[in-house]
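In order of appearance the chains are A, B and C, and numbering begins at 1 in each one.
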Amino acid sequence: MDERGWLEALIGSWMKPVYHAAPWVAYLVPVVWILAIVAVSALLLVWLERKISADIQSRIGPLHHGPWGLFQTAFDALKLLVKEDIVPRAADRIVFCVAPFIALVPAVLLYCVIPLGKGWIAADLNVGLFYLLATGSLGVIGVILAGWASNNKWSLLGGMRAAVQLITYEIPGFLSVVAIIMMTGTLSMTAIVESQAGGSWHLWPFSAPLLKWNCFTIPGALAAALYLVAALAEVNRNPFDLPEAESELVSGFNTEYSGFRWAVFFLAEFSNTALVAGIATTLFFGGWSSPIVSRGAGVFTVLGDGVLWYIIKVSVLVYCMMWIKWTLPRVRIDQMLQVAWKGLIPLSLANMAIAAVHVALVGVAR
Amino acid sequence: MSAMDVIGDIHQEEMLINMGPQHPSTHGVLRLVLRMRGEVIEESRFVIGYLHRNHEKISEQKGWIRALPLTDRVDYLSPITCEWAMALAAERLAGVEVPERAEWLRVIAAELYRIASHLVFAGTFGTDLGATTLFLYCFREREPILDIFEKLTGQRMTCHYVRIGGVGWDLPPGLDDEIRRVVDVIESRLPEYDDLFTNNRILRARVEGVGPVTAAKARAFGASGPVARASGVDFDLRRDDPYGVYSRFEFDIPLGQQGDCLDRFTVRLEEIRQSARIIRQALDGLPEGGVRTKLPARFKTPEGVAYGAVEGARGEIGYYAVGDGSEAPYRLKIRSPSFSNLAVIEDTLIGWKIADVVAILGSVDIVLGDVDR
Amino acid sequence: MTRDEATGAVATELGGTAVSVEGGPTGLLVRCGAERIADVVRGLRDGSACFDYFTFMTAVDYPPSGEDAGRLDLHYHLRSIPNKLTAVVVTSIPRDGVSVRTVSDLFAGADWHERECYDLFGVVFAGHRNLTRILLPDDWRGHPLRKDYRQEENDLLYVPESRWPEMAAPRTPEAAAAAQPKGKAAQGGAG
């Protein structure tokens, strides 16, 4: 019995009467589920960032609250909740208050189409990828509005930089994903993962799907690299964290935000980090499929496809992103634009051609 | 010309922006007023004086002995050299002899603090550019140096070690081995910084060719120290206007060619190596003897004029003293290196972007206590 | 070029303009009249000794005492990088009412040093492009490094009574009552 079966057995027995009584509860479950994932992943990621950065910098990081300081983030969030609510007098009040949430909403929306495990997806759209790319661009608006509404020249500079950066790096992100669309012939996220699962070499009781992952094809590997770089720029992480460049712009678009509103921006940034890692995992690294065994017997089931592998892959990607953040310096805005326009976009266009050749030779993977 | 300027179809607005005095990257209470078009600087002006304590007048009122501890606060990242310059001015005015051992101890202390100051520079420069990790590494290296000074003087930063006529205390037993160990460790870590940062493509793109200062400009402004040497001005007070026992040590003076941010960065990293060399030579040859000449209970400086200048971590720090026969200087002018170095870059910023302003300002390595006194 | 050679060269080149040139203990000392300061500095910079480095510029205040009318001595410290020599140019001006020609067109570094001299001593430099206070706030009164400076003038500037006189004015009982926060909630919150 796979994981979904376990879950249904556990919860289904006492939830079934509730569903019969009020069928609309069934719609609430994925909502609560997604919000829980967003919140927990953000909390965990903040803790992870603090510990990883501490490790890189010969420090220790949070220690006291909880084992290995795990509860530190929760207490920090509580502290931010009780802080004074400051809105600058000359700021555009409505936009100022709404902007952080506009930045947060796309992160939540996008989690709905990420398959976490076999059958574990909140909204199994057959145009999931298209929905992903479209909705993902909405987060930019929140940042730009924050920069404008703060009535602060530093925030304005940060917001303008964000506008340029995030819009520019959408393009290589999209184009690299197009190669995957060509190779798999589908826009549905579950179908893309399914096409990467399944065996390619067999040695009973194992059949390893590793080589079927998209990152082991030429266009897929190039697309993965391009997407990951574009993703770093999309979530404002070093070396592309110009919009909130602390040493230059005080705090960029964040400058006038304090307390809970700032926490929402922070939450949005970390949710986005986990999100793009999740998207990269789904599109390039096989999603929830296991590299060891896809069809196994008895005790080997735990090594098989499932949420555990999704979490492991996302963790590896997130670790790499954090590693890069704490090692590299920041690029300047014109250098960042040069990287995008002269490097990533031509490469991603070329990658589309390579993908076309790949499809002609190998056929569409199904 | 109005603030709105239409260039073809692109509308660009001018913005008058205030950077500081509270800002993460101005290295203290420095204020820049910048007129920017988009991200490019069109006009820049420095507003200084937020840390002005008028140390010169305080010295006139307090007298030599009581104003000497305050001198640490002028360049608080390299306090030994400030104290040394003031003591030098007093010694030259009054004709005080300094014992041999004290001169060698002064060299060791000054070079140790030069290393510490350059480590702070490297760390803050990295932070300005976004490489926060370099900051932590440099401060990890600097902690043992501050521990040494704590053992030697009881204080980590404002040491009050150099006194008129010598130094305050002799080395406690075991400290010279500790100094050797610390210096060895720091020197062994320098290649790591080169790997991670000096040879990093992104860092190079950020600092190579940015904010060049010509040698002629450096001389006209009186820029000194690594800023001048990075521009190619081959001048170091330790070699060219020797004080103390520096003429007995063998060391190189690193020079740059272009005077851009990268040169200023690499010159300082190389100076750390040279300081380590000097410290080892000084520890090897340290003579025996007393560490302080006994001064009269009321130390008076006769009439006359003297200038005591020392090569500090930031450049030439000099005390120009006019004596009048009393216990206090009649006039004490502090020639601070950061004051002149800061003036050099006031118009260097024009034409560069705001991100470069941070890089250029960081590479000059000013200390506001030094600029404002 | 040694110090004595430089002394001879400078004396010859400056010739009529300078008053006296001596090889002091660590370098040259040039004394001249205030009206010739720019010529002397230019002569040192462009002469054979090549004093091309501007170290600093400062002033020393000698207030009047007895028959002595008092003066301000201006000291300009230059270096010759190629010859490793120093030169100090000393000139005297009356404490008030006289301006000195600026040397900031000869040495760009003199710009800020002359502003500092103006700020702390009140010396006016004619021809300076921006002679404003540099270290002290623009509304500071007096020149602190002068020997007859009175700090009290500026203390008065910054006490609350002079900055915000409306707060210091005595209140009538009606005005005090009117200024009380209204309502029980405000009273409780303020407690």
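FYI, a residue touches a chain if its C-beta (ideal position, glycine included) is under 8 Å from a C-beta of that chain, and two chains touch if they have at least 3 such contacts.
None of these values were measured; they are calculated from a predicted model.
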{"item": "Graph class of chain-chain contacts, one of line, ring, star, complete, other", "value": "line"}
{"item": "Per Cα centroids, the chain farthest from chain B", "value": "A"}
{"item": "Innermost chain, taking as reference the mean of every protein Cα atom displayed", "value": "B"}
{"item": "Between chain A and chain C, centroid-to-centroid distance (C-alpha), Å", "value": "60"}
{"item": "Chain A and chain B: spacing of chain centres that average the CA atoms, whole Å", "value": "45"}
{"item": "Whole-Å separation of chain centres (CA-atom averages), chain B against chain C", "value": "23"}
{"item": "Contacts with 2+ other chains: residues of chain B", "value": "none"}
{"item": "Parts of chain A lying in touch with chain B, wherever the complex brings them together", "value": "53, 56-59, 153-154, 156-157, 238-239, 241-242, 245-250, 326-335"}
{"item": "Chain B-touching residues of chain C, taken from the complex the two chains share", "value": "26, 52-56, 58, 60-61, 75, 77, 79, 81, 84, 86, 88, 107-109, 111-112, 120, 133-137, 144-145"}
{"item": "Residues of chain B that touch chain C when the two form their complex", "value": "48-49, 52, 54, 56-57, 217, 219-223, 233-235, 240-241, 305, 307, 316, 318, 320, 322, 330-331, 333, 335, 339-340, 343-344, 372"}
{"item": "Residue ranges of chain B in contact with chain A within the complex", "value": "15, 17-18, 23-25, 39, 126-133, 136-137, 140, 196-197, 200, 202-203, 205-206, 353-358"}
